[in-house]
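We just call them A, B, C, D, E and F in the order they show up, numbering each chain from 1.
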């Protein structure tokens, strides 16, 4: 049953994508219904699986009944489950918003692409095979290209081109990395590679480390770390609003891969007995995170419109998470991962919501859009302004919303680090810079009602009767954030357990490769080496 | 019948091709080939607009024989021309009035011209009345034209049951080769 | 539930009341005030009951884990200090609510105001009642946020927006520093509970991290309490409505910093570092505030600087680090809260009734509002430290303490002298406040005709002023017990002896008081020359300038750095990405070096070489073609042709090295790609312009060489090593497990069928995405070819049309053949799909899209969807048997005539692949081909975007 | 020797791709991406080491070559094709939207700022 | 004997390839380059078949057939581009 | 042995013509002249090699005739390719005559 439910998480979206390809053009209402229902099912199933403890020990599904490392496996544990849950959450927000504001009608095949995007994401989160990860990166990327270009617009098209080109370069790098790993270690399965790393011949060690560094480069491109994040501001700022909101999960794919591969392959391992892996990548992540965070904070200052500001806030959160992932020393590592996951949940849901809010601002200020400048007041200015205030607080990491709590968990974990001083300095300073920038933005957007020629200030009263469709989707993330604050004790406890599961890679390895490294000659065939190839 | 087997000749050709491709005349191959030979025309017959229209099959066989021989001969000619002093080649592009009619016959003629003696067909005029031919070495375009018309066009007219006009004046050559 | 847990209710009540207040304002303008007042009253009552029940047990604390990993708990603490501050917050809060109810004008939103005010109240209660340090920081930051909202309440005013942001920036920064400090502090102690922290004073003070923790915490203190050099936000915060100023910026929020000094007194105070930092900041603030206050013309400005000065005074007291000084500090907190709140409210009344707060315009108001004037005078005398008023008592204690510690801080006369100077200045500005407002000559043109305010606006002030007097006259009786409890709460032990009597005999402090009083009066009397001197000199000094510069610097740095990094140019993005990847690769290679001697791959040479000169020449040819493509890429069609050679060569390599499937795939993809690029090229310039400088091209060539070289090295190093992989399994299991002899195909459709499934999704998505992109697209098409000639209008060549008709069935047959044999021989769904698609596209090329469409009428979307569903369905079918997705099944049949038939369900999967490939390839190519329907003819397109040199139309410009 | 030649080829293809990807117009960039994908596909292929006349067809030869990289490359080729198709059409779309085929659409800061808010369809 | 003649044949085919490459690069007309590409694909077929005999395998036969089919389509596409620009009108 | 001889002859003959076609392509002085080499000689050459292969593999045991199919394909397509390329050359305005003669005249 559990296995079928896990399979459903990947297969439902792709089935729906195929169906929606055919219904999308002719039956718009049905398409909307199918799409929403599909996402709702994903949300319910992933939540249900996590709540019933399905991921407490990693569940492995051997696709095609071929055991790892020969076949491709899905691994459902708390981490992948959490990612699926976040994906479904963000997707539901974005989708309902898109439908409420008719943004799904701006071009063909929105719903099919949307489900395909979920297929790619869920597939990437579940897979235990590096080449398959590549394939699902491509699936989710192509869907994202389609979604990014959904609707029209000059800057969107240009940003889309940049996004596509960079990701194609990333895909090429991914193949180089996976290929080099295969060419040296001889496997594609993450767990199998992990188990084989200690036995790598000494002369192959630098080749393996090169491959690993390239692999993480790819993840960091997707994850948007400095200096690889340059594709992000343009792409996110110019995508249509619901798509930008959905993209809140995209950087997380890169970060997830970093976390997954680092924690399984490089925790307490060695390459050929020569290189200790625990500190192979993590320290670099820390430094990259620091620079990313600082530059992103400056980007938040520099942004001239809200969507771009949110894009930089996302990059800032990437920086913060990278800092946490870079803390590997002793118990701090586990605590940092727990904190990072809390922060991760926070930033995913809230940056999605913030984009939706930016959409409301964009579409209801005819003179200025979401430009950070004064303009005649928009309808529901107080409501929207209050939401902006709340998002600003949350994203800048001020209490009482989730950003703060995630941050203190990470800071607390950093107390033992020899780099405590720079970590504290950067996290706190960048937080301040973001507060200042967001206060300035909010003040200009909502406080500084402007008289334009023909539009004397307050000539158009902030009419509260104008409909503001989709506003509920901008409120919901804040409600979730509130729940995450109130329920921080059980949640952080659960996340600590998740972090412990992540840190103890043995559980993952045992689940995927119960018998350790297999000798191909003696590996069991399908159904116990059914030599006659009988049917079943 | 027309529905099941829109193009029987094509189906036969396909079946043979299938067997050739598989290097096999095993029953399995024949069954499979038959299936394919039935299905493929069913997809492609709508594209088929040239029609068959071959009236004289013996003439066709003879034509193929001549062309094959000409191809080999022509290649030696071309070999000499290529290997020799290229400066001496009198290359030219000329237009050939067509008496032949129909897409398939004209196409076959054009193909023949290309594959044989130092000539390449370059363009069929939009009204299908003339054919541009390039000769690698021709002292006189008219001679080339006459040769082509007599040697190939006339035969094709016969094969496709068209009134023979091109070779009418040169009955000797026709007689010599039949 | 234990009663003490209700403390949380006291804190949370205002937060719950806040939205209620905002909401209630929709029904009645004053409902919000009622809600706010009611909530405050309830909280006060509850708190009083709690105090009553726990008065002998203090300190008592309650704590619930919130985020254990970070040491955060939801915990509150009741002791003397928190009790005193809670009382202050709630009592003055209640008075402010009453006052504000009358103060706000009809245009102001009551709901928002009281909601914000309640949020602030709750936050402030949280700060003073917190047991957990992080919990404290949370509420601390909330006070900053609430204060931001309250200061910017009149958001249409520029100074309100500025003041709010200024306050948020300064106090927010302090809050973040405090967070850092608190985290370190908790780290030192091993617990974030105040009970533990306060008990660990010695441990903390001797810890290596004491200094950073102290400095960070003090940054929080100084910013919040407007200590020099962070004082300047406070005057700007006066843009807030007066009740806010009275509440936040005199009585409560600014005291939060002081509260923290008191709170951490046992844990942090007493070290040299503490004394130096805290007392010097306090002294500087005390003097600077007092001096500046004198010269403010705005009533609230004067009060603001006076507040700064008094906060400095209290800070200085705590800075002394002695227990008696702490007693004096606590006492002055109480006194200052009462008289300063009164004064703010008086200033508010004056503003409210006259329309101005400028002392240069005001005057003689005593005639119009005697009651208010009396209140103002009493409160001002308290502020000036006149005997019989409460301010006098704490000031005397302050003087006493400064004399006592003087010896340890520079020359023995210096501190008393400076302290007296501060006292003198406060007398002078207090006098100015009273005299310039209520006495002298009234200015003729006040904006409003002044009169007494509504009674309820004065009641709160009445009450506070009475308190000032009561404490001033009978301190021991009125304030003694409270002070004792509070001081105990601060020191966490029984306090030392102190006297609360009015008269301590003739002593130095008394002398200092006398000097201050007399000097202050004298100073005020000779104010004119001093004002003139000040206006010419120090008036221009403004700390805001520094702040503004800093902000400007931040904005400029932000914009500059961002513009430098994020140029929005693809070249930059790609460059950074590639450079990073290159660096990472090199780093990855270099890291393990030195750990173990790495044998040089070139020396190995052990692997048998299986090449021959044909292969080498072939490889050389491909290299040449690739180079040519690169070097001559500006001639686009030429580049396309040379790239086609590269593709052909790559296919040959695949064929050469035992990969027939790959060779076929490469070939068919190659041709489809070529068609695709040709279709696109029609709408693009035929030549690339030379846009980059030679330097840039050399740089790019360098990067390309470096990366290419790196990749070459990596490749060579890897493939000249021996190697073992998991592939033996596939070879073993291909037939028994996968039912096919072509292992590559069995991997594709069975072992790793899921990869393939993802891959066909990619292909389908590309089709869909392209379809979506092309919808409604119109492009100017080039009317001229790469050489500047107009394209011909010839119909489709006859011969092509004829022969493709013959070729189509043959090619389809070949496609079917390749598909069917795929599982056992090279071939399969992909290749077959591409072959069929290219055969069909050839029809389109030969006959034109219209004719071909009419004849073929392919339901492309259907094929695509069906393909995906067949592939998916094959996989799902296995799940019906209770085995995982994509598990294949096999069957043997024996048919008469035909013989053995071996079927694997993977073939059905491959059929799905085939259909998706056909569908998406056609979808892509045909939609691109259909673009012509929408093409906008752009007559001069070539002329604009390409630069065919005039002579190039003759010959050879494309080389 | 063959290994060396192939390594060189892979490097040249990748380097050529890199150079073209750094060009300022869309078409060369697409060419560059295609060349890079050739490079990486060959790379992936060679990771299974090179064998002559040893196709991974059971029963054909004694020691067949490593089939797995071939399967991977096949997947990669098809994905690269899909991506190339997408990106070239995107280049057309960009050319239509921006009026030129520069990768940055000729990037005029002032115009961009206007575009930021003007291009969004109003709800 | 077959190996000797095959060896010679391979030499000849490779030289042919080189000559086609020369024309491809030299041009001068794009039509020349298309012609060179077409020739190259024909030569490639020859090469594949010859190598097939050399290694005694017909495993690359389908690839050779494919070159024949697809080389033609490539030439059609390129020529049509030169003639009309829009290859699928 | 006789098969060896036939195969060798066919292969050598074919390879020679393949080379000849390319030689013409490289050597002849104008586009239209160059068109002749590959369209005829190369096609014939490949045809000969294909026949050689068919004979060779048939001799190895088991009939091998599928090479014929390539042959048919080539003979069907070569004239079309030639026509299209020639058409392109005509469109380009290329002359059909021998440019060497111009040199003489100049």
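We adopt the following convention: contacts are C-beta pairs under 8 Å (C-beta built on N, C-alpha and C of every residue); 3 or more make two chains touch, one makes a residue touch a chain.
Since the model is a prediction, treat every value here as computed from it, not as a measurement.
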Neighbouring chains common to subunit D and subunit F, by label
C, E
Where subunit B and subunit C overlap in contact partners, by chain label:
F
Which number of steps is the smallest that gets you from subunit C over to subunit E via touching chains?
1
Sort the chain pairs by how many C-beta pairs are in contact and tell me the top one.
A-C
Chain located farthest away, centre of subunit B as origin (C-alpha):
C
Chain nearest the global centroid, as defined over all protein CA atoms shown
A
Which whole number of Å gives the spacing of the CA centres of subunit C and subunit F?
69
Chain centre separation in whole Å, for subunit E relative to subunit D (CA means)
24
As a quick test, compute the distance in whole Å between the mean CA positions of subunit C and subunit D.
36
In whole angstrom, what separates the CA-based centres of subunit B and subunit D?
42
Residue list for subunit E, restricted to those that touch at least two other chains:
10, 17, 29-30, 34, 56, 59, 65, 69, 72, 76, 80, 82-83
I need the residues of subunit A touching at least two other chains; which ones are they?
131, 135, 138, 142, 145, 149, 161-162, 165, 169, 176, 180, 182-183, 188
Which residues belonging to subunit B are in contact with no fewer than two other chains?
17, 21-22, 110-111, 121, 123-124
Which pairs of chains touch one another in this structure?
A-C, A-D, B-C, B-F, C-D, C-E, C-F, D-E, E-F
In the complex of these two chains, what residues of subunit C are touching subunit B?
794-795, 797-799, 801-803, 805, 808-810, 812-814, 816-817, 820, 843, 847, 855-856, 897-899, 901
For the complex, give me every residue of subunit A touching subunit D.
101-102, 106, 131, 135, 138, 142, 145, 149, 151-158, 160-162, 164-165, 168-169, 171-172, 175-176, 178-180, 182-183, 188, 304-305, 362-364, 366, 368-371, 469
Which subunit C residues qualify as touching subunit D in the complex?
568-571, 574-575, 578, 607, 609-612, 615-616, 619-620, 622-623, 626-627, 629-630, 633-634, 636, 639-640, 643, 646-647, 650, 653-654, 656-662, 665-666, 669, 672-673, 676-677, 680-681, 683-685, 688-689, 691-692, 700-701, 703-705, 707-713, 715-716, 718-720, 723, 725-727, 730-731, 734-735, 741-744, 747-748, 751-752, 755-756, 759, 762-763, 765-766, 769-770, 773-774, 777-779, 824-826, 830, 917, 920, 924, 928, 931, 945
Per the contact definition, I'd like the list of subunit B residues that touch subunit F in the complex.
17, 20-23, 71-72, 74-75, 78-79, 82-83, 86-87, 89-94, 110-115, 118, 120-124, 132, 134, 136
In the complex, go through subunit F and note every residue touching subunit C.
69, 72-73, 76-77, 79-80, 83-84, 87, 91-93
